[in-house]
Each structure stands twice: as structure tokens, then as C-alpha cells.
Amino acid sequence: MDALKSPRFAQPITFARLPLVRDLKGNGVLGAFVGVPFDGGATFYTGARLGPQFIRAESRLLRPYNMDLDVYPFIALRAVDYGDVDVIPTSVVRTLDRIEETIGSVIDQGATPFIAGGDHSITLGVLRAVGRRFKPLVLHFDSHFDYWDEYWGEKYTHGTWVRRAIEEGLIRGVIQVGIRGPQYDKSDLEYPRNSPVPIRVITMSEVDAKGINWLINELRNSLSGSVYVSFDIDSVDPAYAPGTGTREPGGFTSREALLIIRSLANINFELVGFDVVEVSPPLDTANITSLLAANITYQAMSIKARQVNKIAKG
Amino acid sequence: MDALKSPRFAQPITFARLPLVRDLKGNGVLGAFVGVPFDGGATFYTGARLGPQFIRAESRLLRPYNMDLDVYPFIALRAVDYGDVDVIPTSVVRTLDRIEETIGSVIDQGATPFIAGGDHSITLGVLRAVGRRFKPLVLHFDSHFDYWDEYWGEKYTHGTWVRRAIEEGLIRGVIQVGIRGPQYDKSDLEYPRNSPVPIRVITMSEVDAKGINWLINELRNSLSGSVYVSFDIDSVDPAYAPGTGTREPGGFTSREALLIIRSLANINFELVGFDVVEVSPPLDTANITSLLAANITYQAMSIKARQVNKIAKG
Amino acid sequence: MDALKSPRFAQPITFARLPLVRDLKGNGVLGAFVGVPFDGGATFYTGARLGPQFIRAESRLLRPYNMDLDVYPFIALRAVDYGDVDVIPTSVVRTLDRIEETIGSVIDQGATPFIAGGDHSITLGVLRAVGRRFKPLVLHFDSHFDYWDEYWGEKYTHGTWVRRAIEEGLIRGVIQVGIRGPQYDKSDLEYPRNSPVPIRVITMSEVDAKGINWLINELRNSLSGSVYVSFDIDSVDPAYAPGTGTREPGGFTSREALLIIRSLANINFELVGFDVVEVSPPLDTANITSLLAANITYQAMSIKARQVNKIAKG
Amino acid sequence: MDALKSPRFAQPITFARLPLVRDLKGNGVLGAFVGVPFDGGATFYTGARLGPQFIRAESRLLRPYNMDLDVYPFIALRAVDYGDVDVIPTSVVRTLDRIEETIGSVIDQGATPFIAGGDHSITLGVLRAVGRRFKPLVLHFDSHFDYWDEYWGEKYTHGTWVRRAIEEGLIRGVIQVGIRGPQYDKSDLEYPRNSPVPIRVITMSEVDAKGINWLINELRNSLSGSVYVSFDIDSVDPAYAPGTGTREPGGFTSREALLIIRSLANINFELVGFDVVEVSPPLDTANITSLLAANITYQAMSIKARQVNKIAKG
Amino acid sequence: MDALKSPRFAQPITFARLPLVRDLKGNGVLGAFVGVPFDGGATFYTGARLGPQFIRAESRLLRPYNMDLDVYPFIALRAVDYGDVDVIPTSVVRTLDRIEETIGSVIDQGATPFIAGGDHSITLGVLRAVGRRFKPLVLHFDSHFDYWDEYWGEKYTHGTWVRRAIEEGLIRGVIQVGIRGPQYDKSDLEYPRNSPVPIRVITMSEVDAKGINWLINELRNSLSGSVYVSFDIDSVDPAYAPGTGTREPGGFTSREALLIIRSLANINFELVGFDVVEVSPPLDTANITSLLAANITYQAMSIKARQVNKIAKG
Amino acid sequence: MDALKSPRFAQPITFARLPLVRDLKGNGVLGAFVGVPFDGGATFYTGARLGPQFIRAESRLLRPYNMDLDVYPFIALRAVDYGDVDVIPTSVVRTLDRIEETIGSVIDQGATPFIAGGDHSITLGVLRAVGRRFKPLVLHFDSHFDYWDEYWGEKYTHGTWVRRAIEEGLIRGVIQVGIRGPQYDKSDLEYPRNSPVPIRVITMSEVDAKGINWLINELRNSLSGSVYVSFDIDSVDPAYAPGTGTREPGGFTSREALLIIRSLANINFELVGFDVVEVSPPLDTANITSLLAANITYQAMSIKARQVNKIAKG
């Protein structure tokens, strides 16, 4: 929708004011925004079911041209808003099925999904859908490991999806970035050593000690092949992202977060899916968390757009 | 959209989750929700440009059946969300033209407009469109007269639309309900006496003294023919409608407001248009003002639906 | 805890600053406050899992003597704070078991439970516990019927507990007070006619038409034997109770709500349990919803205290 | 300041945009707004030190003509904003001295003080100043008695000023209106019986049972001679006045509060001072509490203006 | 006003508690704070009309001595609060005239204006006034270029003032600092190349890559002669400045912003005017945006004070 | 309390869900959390009396293992929540006595106090208690000096405690970190030169110029023997800590604050007490200030835990 015709604050809201389209194949869509408004997997504070709504609202300021990466992501991807997954608010298990089905359809139609959660439990459903075609490496931004085995006997929560994804054979490795804060037990740190697939943990302490450029370089040396990016907004500091359920002070700034994502543009891999999760608007202030999530999604779309353009140019 | 298929908090938002449709005639639409996101006519606090967005968000709880009036308003009116008028945020005068054009198109296609503002200056544009077909009596809920001649030399503001509408010959009378609060001068009360069309003023003091039932009876005796209802949300008390720019304590409760609108169902007139204005979401708390505005709109649609049904049966 | 020794804003928080006690029998406790911090059964907005925490915080202003009912509720009931049910946030079904178990223990120890939810799905668990000893009439304050059969195939939600409780044979009737707002379908109104137990529906329209005194009189004529009171805070108007997930404008005022509960003091029945539910603090403003819920609980405890005193004197 | 020259939201803020004037006598001022930004006497939540600032901000909508009472209060009283008392934030006792001195000067210059607190402890300082000339009857709106003897050994707090004023022989009686909520002990109700001056208590329960018109009539029969009005904003319900430190649900509506004050216009007494206290802006939502306080002050000024006009007309 | 006599939270509010003075010449004033409460030029969110009010409120903590720059800005400039420009809320064009007139008078009286907006459209009016005496270089902090030609056919908005100022021949160049975020089109970047006066663009990406010290050095090499500083608060990151209408994540921190302004102290140029714009208090949280704007203004006054002192010392 | 049994959002709240224990000696407690809910010493905004309540609420996410410092602080210190000091809200002087008494008892029982204020005046009471056994060096994080002699003739406020502590001979030196912002007068900087004990001032400007690592190194070279750490949360930037009464932009980030505290682990000194003060929840947004304060306290406890472990292993 053209902001020079209709002001950005006008009209019913879609992601970045893109058209709401369900037929991706027919429209040659290569990138689709999909909401997963679910918070039934949260173990602390809820509210993430409103994430897609508020991220859409804050995405209205996203304009077509990414000058840092010199790319028009929406044009390159013929991007659309696919709407939301019809979740089952009272059931994690059934919602995971719905996610797999919907995201599966997006992928089957040839589009890369750019997903806005929802709590982090939803990523398992997405990976099941992605897993039909790819066995990706997961680049996982988070302040928490999310590889616990269960909570109160529950296997499917926002803190257990990494382990489930590994157990289900969906992924070929994980790189965790931004880990920090108190842990339950020293033994929490041991799972990566015994994990069937490689898990690389990069803590904020390590980032503090070695710097952002070191981190970017590490990612450059680690990413290749199919990669799925899962961005838990609580990897960012509460000052920049107060609107999330399980906050840990001492995280990334918004500038660092955007820079890190942007820096993926120069690495040779295939982005097969992306999510930004744990945005909880009822806990947010001035919607800055949703605004940041919208911008991170924009950078992720730009990464994919450059990959697509590169292939097109051959 | 069916809430039993997709939860009410999911999917991009339209008014009451109705389809977003521009071709009214082709779809036999008799009632259309239209947003006018404009606050360039406000003389005190702004923010009403976000009214349509937030009223849509809060309208998601509106369900199809009005049990008090025994009517299905959306079905009876084949109601849709028409989207917003493409306002010019920096120009009242040009925006009035845009409103007239868009609302004119709605009316030309045979639908009654149910409008969410925006500040009260927008009503003049609507009345210009309505005025092509009708010369309605205006039932005007407000805490202010809105018939001043100008502010700082400006003729088109949210406090002057009543006088402009009269001067432009658009309406055949006004009934003002809910007037209260301090006035600039005693002479402010004199305009109705010299007005070219009848203006009936019912103050809150009068309502306090005589009761709501008296008020409803007065309306019953006063309304007939084509009627346009303009509902300034500041007619309601700030406890029920904090999100508005020019608040006056001592207004209607939400129960009274809904009851009064609902009671119009039994009066013999033709509703030719409706607006709810001055909802300013940045000033609101917990979105209760937008929620109330959505429900008042629902009652207004129900009134029209009953009129339509009556004619159909007639 | 004595406010004249330690200011009311000091010290870790329990309900009304009562002692946190698990051994009820040994302490002769007749009334226990219990929190059920669960919102996994909510179909619209979440946040009610924080209800008990915020109701406790706002209860610190409750003082020992109820001058309207001339009773010391805490002393009469030797009241305590029993803590919270250890819910399973991601499972309604398992949480209902936990509720039944915990509330069952409260009742087995001879105390009447005064419960703070949580969403309305929790009441089913409470009624299962109550149902071991009583088959109560349920006095149900709400803006919604809550007797739907399912949502998206889910049987246990905050909108289906009434039907489940009837199907499970736990209750001998329901009186619903405060019903209002749009409905899915006219047929929604038919369930009471075919229900195996009597359901009396009193809508807000009826209350508006006949008055609060009529309502109180109706309750006087309807209540006897064992009665369970379930108070959904959304029966109150959003101006008085903005902090709830599924709001309907046009509800009771706080004065009416307190008056109605207080008026139960003069009716001859046995209060076997009480809950106040659907308080969602993240949606609240200035915590007034939690404050009201605390005061309603206080009045309910006072009712029970008078019943206890009467028996003692009896 | 003329709103037709400078918009109401512009320019540094004084009460009702009146001039900031310290020389009252020279300007023939009969009524002065004075702020007392003090909350060092609060026993529960603080924040009332910001009351004057926010009441001034919300007073900008007050216009010159009171149409209900047919009077121009600012003109009749040649009203000004006198600024604030220079309180000592960390000392109640020294602040009371400062209040007495400043308000004493206002009175000595021939003006009636219209005071915005500040917590209720400040009223004692005002009464000491008023007491130099008058021994008034105090019309006291509140949800609390405020006649306790001490808190934690402290004699000067917002809950003890009534007793201190009586002990210091400053007043000839008290009428308390709006009392409600839980009490420490039944014996709390006994102080009026043994008080050296008459204390009349009118509870909200009594108002609920007998109606507002009865209350107004009671006041008509009780007020005469010199009267000081102290309006604790917590006499109003938290829905209308959330921004106060010690809230009790079940209070007056804004319409009732304004009506009661307005109805004093027809009673034959002399208003010797007025305060509105306990407005705590940090706890407020959308500043509606400050807005209401500004309007109540306006009505009080109008009462005085009519008394002044009446004398002038002789 | 002396904080040791009257607490900082007391008394009607002026900028930094300076006297409200209109006669600058007679008082030898060299620096005047002026508010421009206008948001009629905003293309996205409004609210900036409240900027001056809230910046004044937060400025109360500003104390006389700047220890980093070893200067007493208020004393050196004999600084005052000049009040606000009497804007015309519904007309950009007429407001620009009012601004030119008022600021022109400030300059004519020999004082440098320190302006608090208001949306960025106001800067054009200020530059017209400044332009009568100087043709300054504009040091422009912003996340946006603001040199578009029009919005919806409107020439005077907060996004077009740079182009208008150049077209009107008011300035001799622009240095833009902090530019970032998505753009409409690649061609947006081309205007500087064809501009009649030099435009230097420094993006946040460039700052990220080269560092703050590089930026400060660039400014040192670029500034000389008469310089006007326009500080759009959205150049700062939304975590530090959430209260603004068109936010872009990834901006300066408050420490960087203050450091950059402070570092101007050692550069040889003449500051002929300053504004901080786009502070929108209704969108702010905890007023931190207004607080930052007040402190930036303080640093700007300190820069001027040092220039004045230097001249005085000769 | 085990989060795997009871969700972290459930149950009445204590610090980090530790047991509420008054008998420290009998339980071998080495570290006790103590709240001091007092804001009667604040000279600007109040609200800090709610600090302990909100810090406790946000501390629920603190888990047992500190992976950065490889220590279990709660286990090592057998840590408990001691509850709050029973302050006298209306008297600084009497509250200081209460603090001395309560903290004295904690120390006498062999535990190190970890205190949550409250405004900064409380630190004097704590130092009086600490002073019975130690004459510590105070490591003081703050944006203000807090060594003024008086405010309005008042000796005991949150801005005078440093001078009082020196005068009372309680401490052997002060290191102030984070000082910034405007000062009353240049002479404010002179007190350290004439102080009877050494005062080292490290301003934010110095930190900006030399870097965080330099700061950490300075502390390493300065600390030894008994050290008391007083952390005024306003040393942190308002973006990270908006909820405090006297904010100064340009402070530490949360990452820096946590890093600095953490880095104390490798310095050879004895931590004899710790406080985090000036957290004012009514001014906070999304409780991020309380969350940060809880995490800083956790790091401080970890420092002590390592000192304790070292001695144990010793």
C-alpha cells in the first residue's frame, strides 16, 4: 500500500502494509509473513498471543528499500502477509499440528516463512514443517538454553523445544547466541556435550569479553547450507525489549541485534525460515519491543532477498 | 470470520472481523463500517487519528446476535468493513473533501455508513456526503456545543462543525444531548435561539434532574424522518471513556449510553448515517474507550438492521 | 499482621496480611484464601495467572471489622492464606486435577475455600472438590453464559465450565446474573430450557429495567441450602474492572456489586465456596480490578462469618 | 489567558490559566488557588506531592462561565493562582507551620483559599490558618474517618488530622460524607460519641439506602455559618478517581460528587476555605483524578462566587 | 527559583525553573527557552504539541553548574523561559508565520532561541526568523532525511522542511547525523547530490563502523561560522526516546547524544539557534524522552554560554 | 521453592522464592535479604517505599546457579528473606533507629545484609548497624554526590547520608562511581578535598573517556578490607532504570552495571553489607528497574558467596 496515497496510520493493518494473500504459488511469492498468536507454552508470563497483532501495527513504518543492504526485500521476495495460523489457545500439542500444517503449506508453495510468535514453543511446529524439506542448522538468539527436558511433566513448552527438535531429528545443529542469567544448576550446561547434534553456546559474557565483531566473525565461520534463524526477543536487553515474558537484564542493544542480523548478508548459506518470538505486547512499553521485532524481521527478509537476487543473477 | 475456527485474537483485524470490501453494490451491502483516521481539527489533545485502528481491535468481541434487540445486524445489513478514508493529515479542508468523496461513494452504492473518527471536524465531511440525498435531523451526543464560529480564525475545527453544517444547509435541526461543563461565556448559550434551524439542547443537569427515562421519552417524541446520529465519546464520563481529547467529568455511564442508543430501536425514523468520534487511543486506558465505541457502533448497526428488516417484512 | 506495628505496604504479601498456613485443621481454620494462578483456559486475552498475586497486593487495605455487616470476618473464620494451587500452566486438564486435590484438602480440613483465579475454567476443578460433599446451587455473576459445549474441539475452557459441571452432576442449578452483550446465535439462549438442572438467567437489561432492589429480592427468593458463588469480574463494567480478558461494557458498578454480595447476608443458605475469577492484572489500570476483587472476597468472607456466628450462637 | 489567542495546551501552566499573583490585596483578589505539594503524612501510598502540578494541568479546560450556577467564578472572585506552599518534604510538623503561614497570608489579604493537596495531613495546617479568624464547621468528604489518635506513635498524619483539629479547638463540628470500607475495630465508630464537638457520620451505605437527594437535603439542614469544605478524592469511587493512595471501592460517581458540591449553592452559609486532597498522579490513569479534582475546585469557587455576588448585591 | 527554598517539585513550572519573561532586551537576556507546541505537520503519530509542557516538567532537575563544561549556562546567558509560540493547531502555514514572528522577536532582542517542539515542521519557521540575520549551516540530528518534496500534495510537513529551507535560501548547508532505517526508494539518497547547497549525510551504519570519536572529529572539521542545531529526538534509540512519533530502532544512546553535543564546546563556530523536536509525551514512558530533551537543551545552552563567555573574556 | 514443582508466578512472594525466616542464627544463615520500604527522605519524587515489594516480585526469575561466577549464592549463604524493616513512614529519624535495630540484629546473628530500599537516606541507618562491627570503605554507585549538608534545614535526607556517615565516624572512605549531570555550584565539588576521610569521585565523563575496563581496574586497585556497597539505581541510565525518583540521563547500561558488580568477585576484600536503593516502582515501566535491582542483588550475593566459599576452603 502506498504511503503517499494513504497515510501509514490508515487502513486495516497487515505486515508492512503488504497484501493479505493465501495463494502464494499463483502469485509467485517467495517470502511470506505468518503470525502464530500462541502463548500456551509459556512457563512464566503470557501475552505473546498478541505478538503478531502488535508487530504488524509497528511494521507500518517499514519502507521498501533497505539502504544498508542495497535491496528491496518486499519486491525481491514478492512478499505478502499470509495471515495467522489458527491456533488452539488451550492446547500446545494441537497447535503444533496446526503450525506444521500451515507453515508446511507456505513452504510447499515455494515461499520462505517469516514468522512472528507467539511463545518459543511454536518453533517446534515450524521446524517440523521445515523438516520435511531441510535439516537445517538453527541459529538461535536467546537468553535461555530452551533445551530442558520438561516442566512439571510437560514435554511441549517454550523451554523444551530445542531438545524436542533434536530428538525428532529435525535439525543438524544449534548455535545459541546471547545466553545469560542465573541457571537452575551447573548440570544445565552439560546437555550440549551429550547432545546427538552439535550445540555451540555463545554467552553474553563471552560477547562482552570479545566484542560484537568477534561474534559476527564466529557466525561467518559457522554458517553454511540450510539455516533456520530463531530470534527470541529476550536475547535483547529489557531496556530495548521490555515486552517479553522471561526477561534477563544484560542483553544485546537494538543496534547490536540489527547489526548482527544484517551481517548475515555476507555469509554463504540458505535461509530456510525465520521466526521472532516471545514478544508479549501487554508487558511492553510504548510498543518498542514490537517495533524492534518488525525491524529484525525486515532485516531477515532482506537477507533472504539478497540470496534470492544472487541466485537470479546466477 | 468464524471465531470457532480462528480465535478472535488471531488474523489481521477488521471491524467485527467482517470482510474488507470496497464493492458494496455488487455485494448488496446495506451497512458499511468506515474509518476516518483524522485529528487535524482538534483544538486540545490529539490522537484521534488512531481511533479507527483501536476501535477495530476492540470490535473483535462483537458477536452476530443482538439479544436485546433480537436482530443479527451484520447479516441484516450484509455489513462489511470498507476500510478508511485516505485523509490528508495536515489539512482539514482537503480531508473534508476526501471524506465527502469516500462516504459519498458508500451512500451512492446503497449502503448506510457507520463511521469511526477521528475528531469531530470529520462529521462535516460526512454530512456533505449525506446531504446529497438527505437533509437529516442530527442527534448529537456530546459534552460540548460544537457550534462556535471559529478558533484562532480557523473555520473548520472539531468545535465548529455544527455551525458550518447549518450554514451549508446540510441539516434540518439538531438535538444535543449530554452538554455540560464550564462555558466560555453566557452568550454561548444564545446561538440556538438565533439559529436558522432548530437546536434543542439537553444538558446533563437536566438529565440528572429528570432521569434517563425522561430523556429517552424526549427522543421518542423528537425523532422522525431521516436522522443522522453523531456520537462524541466525550458525552460519556471520563471513567468510562478516558481516551478522548477534551474530557468533561459528569457524563453518561456506559450502561446509559448503550441503553439510550438501544432505545432508538422503537422509534419511527430512518437512520441515514452514524458516527462515533473523538476516541483518542493514546490517551485511553486499557482501551476501554475504543471498546465502548465499538459496542455503541454495534447498537447503531442493530437499529438500522431492524429498520431494514421492518421494511423487508413491511 | 498489625498495621499499627508494620505499615500496610511493608513485608512480604499475603491475603489481607493473614498468616500463610497449610495446616488448617490444627488451627481450627474455617475460611481459607486460595489462589489459582491459571489462565490456560482463556479463549481471548490471557493474564489471569497473575490474579492471585495482585489481589493479594490490593487486599492489604482490608481491615478486620466489617461495619456494614457488623462482623469480624477474619476472626470469625480464623481465616488464613493457604497459598496457591500448584497449577500446570500448559495443561487445563492436569490443572483441574491439581485444583480438585488442593481445594479438596481445604474442604476436608473443615474450611470453606475463598478462591482467587485464574480464568473461569478453574471453577470446574473447584466444583469437583466441593462436589464431594455438596451438590450446590451456583450463584454465577458473569456477562457470559459459559455453557458452550466446546471451542475448537476443546471441552475444558473458561467458556464451557457450566456445561461440564452440569454434565458431571456436580451442581443442582445455576442462577446467572449480569448477562449481556452480543451473542453468537439466538440458539445460545436455548440451552437453559433443555438443561438437566434449572438455569435462571438474569440479564443486565432486566436489571436496568427493574432495578437493583428487584434483583436482590429475586436472589432472596431463590437461594437456599448449599450455595457456591462464582464471581466473574467481567460482570462488572470495564470502567470499574478494566483488568479482565473478555470485557463487555454496560455492567454493574462497584457499588452495586458490593451491595449485592453484602445483601446475601440476610438470606438463609449455606455458603460452601466462593471464587472471584478472570482478574487479569496486565490488562488492568491502577490495579482497581484487583482492588475490587479483594473487596468482594472480603464481603463473601463476611457472609460466611455471619453464617458461622449464627450457628455458634444458634 | 485567552484560549482564543493561545491554545489551551500552550504556555506554562497555572490553575485555569489564571495569572500567578502573590499580592492579593493590591489586586482585590477574593479567591486564590494554592497548591500544597506534600505527601509526607501518607501512611500507605505516596505521590500526592504531585497533586498541584497535575490538577493545574487538567484545569486548563476550565472556562469562565458556570452555566449550571449562572456565575463567572474567576471574575467574581478576581481569582488568581497563588503558587504553592514551600513545603518541607521530610517533615510533617515543619510543613504544617509553612502551610499555616502561607494560607494565613492569603486569608489576611482578604482572599478565600482554594487548596489542592497534598495528602490529608495538610488540612490541619490550613485549619490553623483559618482558625485565626473562624471556627468553622468542617464538611468532610472522605471514605475514612481520619480521627485516629496516632500511627506508630506519630501524631501528625493524613489519618489523624480531624482529631488534632478538634483537640486544638480549631473547629466547631464535622460532617463526614462517604465513609465506607473495612475498619480496624468496632470501637473506631465510637469516637464521635465522645468527641468534644459534634461529628455527624454519613456512610455510603446510608447514601445507597436513602439516595443522593436525601443526602443533599441533609446537608441543607446542617450547614450554616462559617463552613470549611475538605474533599478527599477517595470519597469518589476508584473508577472515577484511581489516582489516590488509599482507595476504597464503592464510592461516589463523578456526577454525584459534582452535583453534591453544586447543590451547596443554595444553602445559606459562608465558605471560608476549601481543599481537595489525596490526588496522587503517579497512581492515576489518564489523569482523570486530577481532572475531576480541578472540576470540583471549580464548583467550589462557583459556590463562593455566588456568596460574594449575593453580598455585593446586598 | 532556589531549590533550597522551594522543593523542585513545587510551584508552577517553567524551563529549569527560570523566570517567565517576555522583555528580553530590558533584562539583557542572551538565551531564551521557547516552546512551540505544534504537531499539525506530523505524518504518522501526533502528540508533539505537548512536548514543551513535558520538557519543562522534566527540566526541573537541571541545576546551574555544568561540571563537564565548567560553565554556568543560565547565568552566562541570563537565561529565561519566554513561554510558547501561540500556534494555530489546525494550520501549518499560519503556524509557520507565528513561529517566524515570535522567534524573530527573540532574535531581534538579542537572544539566542533554544526551542522545544513540536514536530519537525516548526524548524522551517525558526529558520525563516534566523534567516533574517544569518545564513547558517544546519547540524541536523535525525533518523530521517526530511528532504522529501511533499506528502499527499502537502508542501509543509515534518518530512519536507529541509528542502523548503534550501529552496527558500535560508541555509548554507546541512550535516545530517544518525540517518537509518528503511527508505522509500534508492532514489531518496540522490537529493544531496543535486541539492543547491551541500548536504553531508552520516548514517548510523557509518557511525557503527567508525565509532563515536570519528563522528565527533568529523563534526570538528565541518563546523564553522554560524551554525543552527536541530535535534530530532528520534535520532536517539527508542529505548532512550520512546516518546516520539516516527521511531527507528538502532539509534544513539543517551550517553552518546549528550557526549556529541557536549563535544561541540571545543569547536570554533557561532551557535545561532537550537531546537529539540518530535518529543511526543503521550507516546513516552516514564517521561524519559522529555528528560533527555531537557538535558540536551541544557548542553546546547552550555555550548552557547561558553561562546558568550569567550567573547566576554575577549 | 522449587520452580519445577510450583510455577515461578505462583505462591506468595519472597525474594528469589527463599524462605521467610527471622531466626538466622538457628538456621546458620550467612546472607539475608532485607527490605526497607521507606521514601520519607526523598527530596524529589517518592515511590521508593514500594521498592522491596517489586524487587521481590521480579526476583522470582533468579535461579540458584550463577554460571558466570560458578557459584550457588543461595546455597553458599544459606540465604533467606528476612522480611522488611518496620519503618515509620512519616519520620526519617525514627526510621533510621528502626533500621539500625533490625539490621543490627541481622549482623549480630552472623549474616550479611543484602538490602533493598527505599530511598538513599536508609543507608545511614544501615551503616550505623554495620558500624558496630566494621568501619568499612563504601563503594557508592550513584549519579549524585549525596554529601550535601542539608535540604531546607533537614539533616537526614537521601542527599545528605554520605556526610552524616562521615561525621558519625562510621566509614573509612568512599569511592563514588557514576557521578554526572548538572550541579548546584562549582563548590559542590570541593567537599571531597576537605573531607575527614578520603572520597574518590569517578564521573561518567571519566568512564566515557577511559572505558569500563579502566574503571574495573581502578576498583581492583582500591578495594580491600571491609567494604560496603551501596548501589543507587540512578547510577544506571533512565532507559534501563526509569523507575527512580531523581533521574540523570547518560548512565551505565545494565550490562555494564552487572559486569562491574561481577568483576568485584576477583578482588580481595570482605563484603560486609550491600544495598540497592531508590527503586521507585510507581515511576517504573514494565518493572525493568526492579528486575535489574534484583539481578544486581543476585550478583552481590554471589560475590559474598565466593568470599564465604573461599574461607570455607581456605
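When the chains are written out, they are named A, B, C, D, E and F in that same order, and each has its own residue count from 1.
Operating definition for what follows: contacts are C-beta pairs under 8 Å (C-beta built on N, C-alpha and C of every residue); 3 or more make two chains touch, one makes a residue touch a chain.
Nothing here was measured: the structure is a model prediction, and the numbers come from that model.
K.L.:
Spell out the chains that contact chain B while also contacting chain D.
P.N.:
The shared contacts of chain B and chain D, listed by label, come to C, E.
K.L.:
Quick check on the contact graph: shortest path length from chain C to chain E, in steps?
P.N.:
The fewest steps needed to get from chain C to chain E is 2.
K.L.:
Where does the B-D interface recur among C-F, B-C or D-F, taking recurrence as more than half of the contact pairs being identical by residue number?
P.N.:
Selected from C-F, B-C or D-F as the counterpart of B-D: B-C.
K.L.:
If chain B and chain F share one sequence, what is the angle of the rotation that overlays their CA atoms, in steps of 5 degrees?
P.N.:
The best-fit rotation has an angle of 180 degrees.
K.L.:
So which chain is the furthest away from chain E, centre to centre on CA atoms?
P.N.:
For chain E, the chain whose C-alpha mean is farthest off is C.
K.L.:
Just give me the whole-number Å value for how far the CA centre of chain A lies from that of chain E.
P.N.:
Spacing between the chain centres: roughly 38 Å.
K.L.:
Roughly how far is chain A from chain C, centre to centre by C-alpha average, rounded to an integer in Å?
P.N.:
Their C-alpha centroids are separated by 40 Å.
K.L.:
Among the residues of chain B, pick out those that touch two or more other chains and give their numbers.
P.N.:
5, 7, 9, 43, 45, 49-50, 89, 151-152, 237, 239, 253, 283, 285
K.L.:
Could you run through all the chain pairs that touch each other?
P.N.:
Every pair of chains meeting the touch criterion: A-B, A-C, A-E, A-F, B-C, B-D, B-E, C-D, C-F, D-E, D-F, E-F.
K.L.:
Give the list of chain E residues in touch with chain F in this complex.
P.N.:
3-5, 7-9, 61-68, 70, 237, 239-240, 253-255, 258-259, 285-286, 288, 291-292, 295, 298
K.L.:
What does chain A use to touch chain B in their complex?
P.N.:
Touching chain B from chain A are residues 5-7, 9-14, 20, 35, 37, 49-50, 52-53, 56-57, 81, 83-87, 89.
K.L.:
Under the stated contact criterion, what part of chain F meets chain D in this complex?
P.N.:
39-43, 45-47, 49-50, 88-92, 94, 151-154, 156-157, 282-283
K.L.:
State the interface residues of chain D toward chain C in the complex, per the touch definition above.
P.N.:
Going through chain D, the ones touching chain C are 43-45, 151-152, 180-186, 188-189, 203-205, 208, 237-239, 242-243, 246-251, 253, 283-285.
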